[in-house]
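Listed after this line are the structures, all set down as structure tokens.
Here chain A shows up in two complexes: once beside chain B, once beside chain C.
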Partner chain A sequence: MSIILQMRRIVMISVLALSAVSLLLMLLGISPLTIGITLAKGSIFSWLKFNHVLSVWIPLLLCSCGLLFTFRAGLWNIGVEGQVICGAIGATLVLRLDNTGLPPAALLSLALFSSFLAGGLWGASAGLLKTRGGVNEIFGGLGLNFVAQGAVLWLILGPWKRAGMASMSGTDLFPRELWMWVPQGWRVAPAAIVLVIIIFLLTSLILNASQFGLKIKAAGFNPQASRLFGIRPNLICFMAMIIGGGLAGLAGGVQVSCVYHRLIPSISSGYGYLALLVVMLAGYKVAPVPIICLLFACLAAGSIQLPITLQVDSSLSGVIQGALVLSGLLVYGLQQGKRRGH
Partner chain B sequence: MKSLIFLFQSLVILCFLMFSLSSSFGAESTYPFGLLMVGPANDHGWSQAHFEAGQEMEKVLPGTKMIYIDKVNPADRPGITVPMLVDDLVSKGAKLIIGNSDDMKDGMREAAMTHPDIKFIHISGDDVVTGKAGVNLSNLMGRMEYGKMMAGFTAAMSSKTGKIGYLGPLINAETRRLTAAAYLGARYAWTKIRKKDAADLKFKVSWIGFWFNIPGVTSDPTLVTNSFINSGYDVIISGIDTTEALVVAGQKRKEGKNVWAIPYDYVGACTTAPKACLGVPYFNWIPGYTQMIGNAMSGKWKQEFLWLDPDWKSINNMKTSSVGFKAGDSLGEKVKEGLADFQASLADGSLNLFTGPLNFQDGTVFLKDKITATDDQIWNLPQLLEGMEGASK
Partner chain C sequence: MIELADISKNFGKVQALHKVSLKVHNSSIHGIIGENGAGKSTLMKILTGFISKSGGDFFFHSESIDLHSPKDARKIGIGMLYQEPLDFPQLSVLDNFMVGTADFSPVNQRAALSRLCTNFGFNLNPESKVEELTVGERQQLELMRLIRDGAKILILDEPTSGISEKQQELLFGALRRLRNDGVAILLVSHKLEEIELLCDEVTVLRHGKMAGYQKRPFDREEMLHTMFDTLPVSQPPAVKHIAGDPLLNFHKVTSHVGRSGLNSVSTTIRSGEVVGLAGVDGSGQSVFLRSAFGLLQPESGRISGCREVTTRAFIPADRLTEGLIPGLTIREHHILSKKSGPIITSKSGLEKTRDAIKTYSIRGTSETEVENLSGGNLQRLLLSLIPADIQLILMESPTRGLDVQSAAWTWKHLHARLKAEGAIIFASPDFEEIMEQSTRILVFYNGSITLDTPTKATNYQQLSRAVTGEDNQQQ
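Moving on, here comes the complex of A and B:
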């Protein structure tokens, strides 16, 4: 697609979303300009705040990368939340090990690997339910989300509770040396940034320039036809679910080792659902995903300014995100309709 | 191409506007302080008590200015952590930060480490006692044991069925201590004033898992209160930050059931359902805040662990008493008189309910005959007491 068309699409989506949100704000008697300024000031106008944006961007981008795989395979992987939670559990499991004798860096790497594994397993369960049990991945995923949420609550109130306490506050903090290294004046681990960039590049490479990526696309586009080329669509879908789940799990691992330094009930922070919006707004394409993630991360991190400086509820940022995605879907829909000649 | 140029132009204008406006933000006060509240600022409970004390500071300590953010918990604000918020408040000029929840313990400690020049007040923690806190972090709490004893007293004096339900938050030393205090007050009223057998008093604790309802995570306090009332408990004492117990009791009264509730934390909590409210033990953070913020402002900050008493001369004096008990409209005259006597004997020290013989829930000895508990024993109460139903850990 030509660049002009892309640009036109972006402008159309932005104008549509912005005018919808502005209209809503004006009806509520709030100046859209003030909101915009507040959000921007709260996200990009200082290094520390940009760090906070990044700490949302990293797990969000990881989840989105995972979703790119499953969407490409024609799957609605709604179970990202559960996969993030399982990844967080997997990482916590490793970080709680006593007397391993391993250096912290090795233990942290192991924890991240374990989070990928745990998330992947959860993704695989949804995949199995679909390919073997005939359960639609939407229902399977939703069900597994509830199971994962239940599991994390049980762990926090049960086997992993703090000494003498039964609280939903979360597990004990990990020892300081098991926090991912953060330089002075930073709030986000450089290692996590590097990791997510590598993952994104790999995702892009695999999906757009590898045989496996082509197979995923074929299996997603037309499973019946793909069989003619010797592709086993069920197997490909299953693998996409494992990768998708694994990357979501990795996001959980990052949440545990870099952000919260412990396991908490809402460890997934809703990134699973947010990532669905990101990928939908990106039109299921790889390239726009990191930018949209950044935009959403700015909205999420900046939104905290709304109650502090304007006494406006921060859920407004959710409204803006929703408006963006709806406008996105509308514009795609209109353009597709035009192309079909309606 | 035209649209591109237009986009670029509008971006430039927008940026220009932002910068020009950013300089006009933040009119300076001499001593801005930040308040992080775990729940909504209008919860009629724990957080509102803090919020109103914070507002009062602006009058009591001229030059202070409160910057606040409520609903600071991972369920309400996913992805936002206490250290992040502290960064932000500090960038807005805050020189002292108050964190009002036990749940913020780790975050406050971490933030205090990253900002050694900023003073921190963490409420309901004991990092100062355990030595985990840096010198810029102090702890503040009121001796709510007394308030809870009065709540328990009123409950047992009013109960017709002799079954008192305690709507507990999560289980830790603080909540065990307060629940036990309520039980001791209730047992005193039941056995000493009403001259009944201690074995006939049912005192049951149900823990919801957190300080307030988080759908899908905690038990629902509304359901817990309902089930208490449906199984014959006619007074519900609330230990959580919000007013569900009172709301449900109010509804049940309208349905004709003779039940009451005793909310918690906030002086105005009874207004939610005045007819069902026996009274409220509440925190008044004004004296504590004034002392700590005042010291910090005048450069006299020192690390402290303040566990403030009620002002026994006048427990409802908002200037001086850190803990109070406001009797509800529905409290009977007789109970009121009894309560006044009870308060008087607590005040002059002739009555100390944490006096042996007292056993723990598992039957082991907590205090031998005539022995009174030390502050440390009360603060770190390891178990509920014998006679109480409900989980201890």
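Moving on, here comes the complex of A and C:
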């Protein structure tokens, strides 16, 4: 597609979403400009705030990369939330091990690997339900989300409860040496940033420039015809679910080892659902995903300021995100309809 | 009662119907017969208001009318029994029967259903789920619903395909009864036997034109003669290949997929053969091809030989929905069809794709997405995707939608590719193509092979008898 068309698309989406949100704000008697300034102040105007943005960006981008795989395979992986939770459980399991004798760096790496496995396993369950049991991945994923949510609560209130008493605030903090290294004045671990950038580049390489990526696309676009090319669409679907789940699990692992340093009930923070919106707004393409993730992270981080300075509820960021995605889908739909109309 | 006068229909440049005229009288069954592509379905779609005619007139009781929508057709009492039942499988028989009626009283409707059942000798349990019924029973239900709605003109599309003999008898009984009650019936069929048993008059369509009209008593020879093109009695096949070693073996293969499935089919395909599969659509040819390729697993029986994916290729009739992947480019298709490294660069497959585009004169570039190609180009792309070392080429309607030159090119290319150790099996609705291109012909009828003959030893007459079920003797 030509660059001009893409630029036009971006402009159309932004104008549409901004006018819708501005209209809503003006009806409520709030100046859209003030909101914009507050959001910017709360996200990119200070290093500390930008750190907060990055701490949202990392798990969001991981989940979105996972979703790029499943969407390419033609699957609606609604189970991202559950996969994030399972990844968090997987990482906690390793970080709670006593007397392993392993150096902290090795244990942290092992924890991240374990989170990938646990998330992948959860994705594989939804994949198996679909390919073997004929359960639509939307329902399978949704059901597994509830199971994962239940499991994390049970762990926190049961086997992994705090010394002395169980609390909804989570498990005990891990020992200091098992916190991922964060430089002075930072809030996010550089290692996590490097990891997420590598994952994104790999995703981009696999999906856009590999035989396997092409097979995922073929199986997703036309499973029936893909069989004529020797592709097994069910196997491809299953593998995409494992990768998608694994990357979501990794997001959970990062949340546990870099952000909270313990397992908490709301460990997934809704990033799974937010990532669905990110990928939809990106038109299921790889390149725009990190930028949209950053935008969404800014909105999420900036909105924390809203109740404090303007007495506006922070859920406004959700309204803006929703408006963007709906405008995006509308613009894609209209452009596609136009193309078909020829 | 209803009269069609000079009805024509064009789809773009293609003329599907040309000045077709016929009358369907009250208390009469009018048969329409013709081979695939003769224009029967187009005619029915016009009569039921699904598509509009390009020219001509309708008269209903000598009054000129227009049919703009299915609603208009329903209003004057036209009811159609489709080949695939149009019902709601998850609902019960009674629920299905009640759809479309203004009287939503289950008591009344149950009574109406049981009255109709008794009248026609049908045996349907109102509580059964429709998905548990056979095609024949679903047809009975549909028929009763049409009658309840007061259909005065009934159109039936190939009503006996996929139903048992007992159900066929019941259906014929019901149709005769309806005729005696004054209903006008239009019966579309491939089967001569059916026409002879039921119809009072018959119109033969060929290539969208009226090819013949007869009243009872019918002249069979004449009917066959008008149905199929008259060509030289026995034209020698244009190709000569020598049959060699067995390549593919079907041993008592049975399948229930599709309308007629496969019925204990046994045959051996040898290298060097070009086998043409003839028969009415859905008689088992497509299930045979898909089983041979491995897309379908037989329910019983054994298929052996050529079991490696790398030794066979399949080109389905519906090229864009079954054969190619819309959204992918020509180059991406070529990358998929050949073994190459795990990483794709901007140069991967480029040379091969450019070669293919040139050799096969595909109108597009390596980055053209396949959904933007026309029918002929799609077929040439599919051919270009067949790797050089393929032994068995399976094709469905190899020249469907292609003009004469493209078709000739396709066949020239296929014969040139056929090596001594390879074979081609193709299904085609076109006898001429089968007679000209194959060395051996298998005729399918209701899921069985009813005729297996070298092309040299048969002729159009024998083939037309075999596909219409006239000549069921295995040679």
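Quick note on the criterion: the second predicted complex is superposed on the first by the 341 of 342 C-alpha atoms of A that agree within 3 Å, B and C clash if a C-alpha of one lies under 4 Å from a C-alpha of the other, contacts with A are read in each partner's own complex, and residues count from 1 in each chain.
Following the convention adopted for this analysis, contacts are C-beta pairs under 8 Å (C-beta built on N, C-alpha and C of every residue); 3 or more make two chains touch, one makes a residue touch a chain.
All of these numbers come straight from a predicted model, not from anything done at the bench.
**Q** Quick check on the superposition: with chain A as the shared anchor, is it clash or fit for chain B versus chain C?
**A** fit
**Q** What is the value, to the nearest 10 degrees, of the angle subtended at the Cα centroid of chain A by the Cα centroids of chain B and chain C?
**A** Value: 130 degrees, nearest 10.
**Q** Is chain A touched at more residues by chain B or by chain C?
**A** B
**Q** Identify the partner contact of A:L48: answer first if only chain B is touched, second if only chain C is, both if each is, neither if none is.
**A** Touch status of A:L48: first partner only.
**Q** Check the residue A:N222 against both partner chains and state whether it touches chain B (first), chain C (second), both, or neither.
**A** second
**Q** Return first, second, both or neither, reflecting whether A:S269 touches chain B, chain C, both chains, or no partner chain.
**A** first
**Q** One more residue to check, A:G230. First (chain B), second (chain C), both or neither?
**A** second
**Q** Looking at A:S210, would you say it contacts chain B, chain C, both, or neither? Reply first, second, both or neither.
**A** Second partner only.
**Q** Based on the superposed arrangement, let me know which partner A:R132 touches: chain B (first), chain C (second), both, or neither?
**A** Neither partner.
**Q** Could you tell me how near the closest CA atoms of chain B and chain C get once both structures are overlaid on the shared chain, in Å?
**A** 26
**Q** What residues on chain A touch chain B, complex-wise?
**A** Interface residues on the chain A side: 4, 7-8, 11, 33, 36-37, 40-42, 45-46, 48-49, 52, 55-56, 149, 153, 157, 164-169, 173, 187, 259-262, 264-271, 300-301, 304-305, 307-309, 314.
**Q** Considering only the defined contacts, which chain A positions touch chain C in the complex?
**A** By the definition above, chain A touches chain C via 205, 209-215, 217-218, 221-222, 224-231.
**Q** Applying the document's contact rule, which stretches of chain C touch chain A when the two form their complex?
**A** By the definition above, chain C touches chain A via 293, 295, 309-310, 313-314, 316, 321-328, 332-333, 335-337, 340-345.
**Q** Which of the residues in chain B end up touching chain A in this complex?
**A** 1, 3-4, 7, 14, 17-18, 21-22, 25, 67-71, 74-75, 77-81, 83-85, 87-89, 91-92, 102-103, 106, 170-173, 207, 209-210, 214, 216-218, 382, 391, 393
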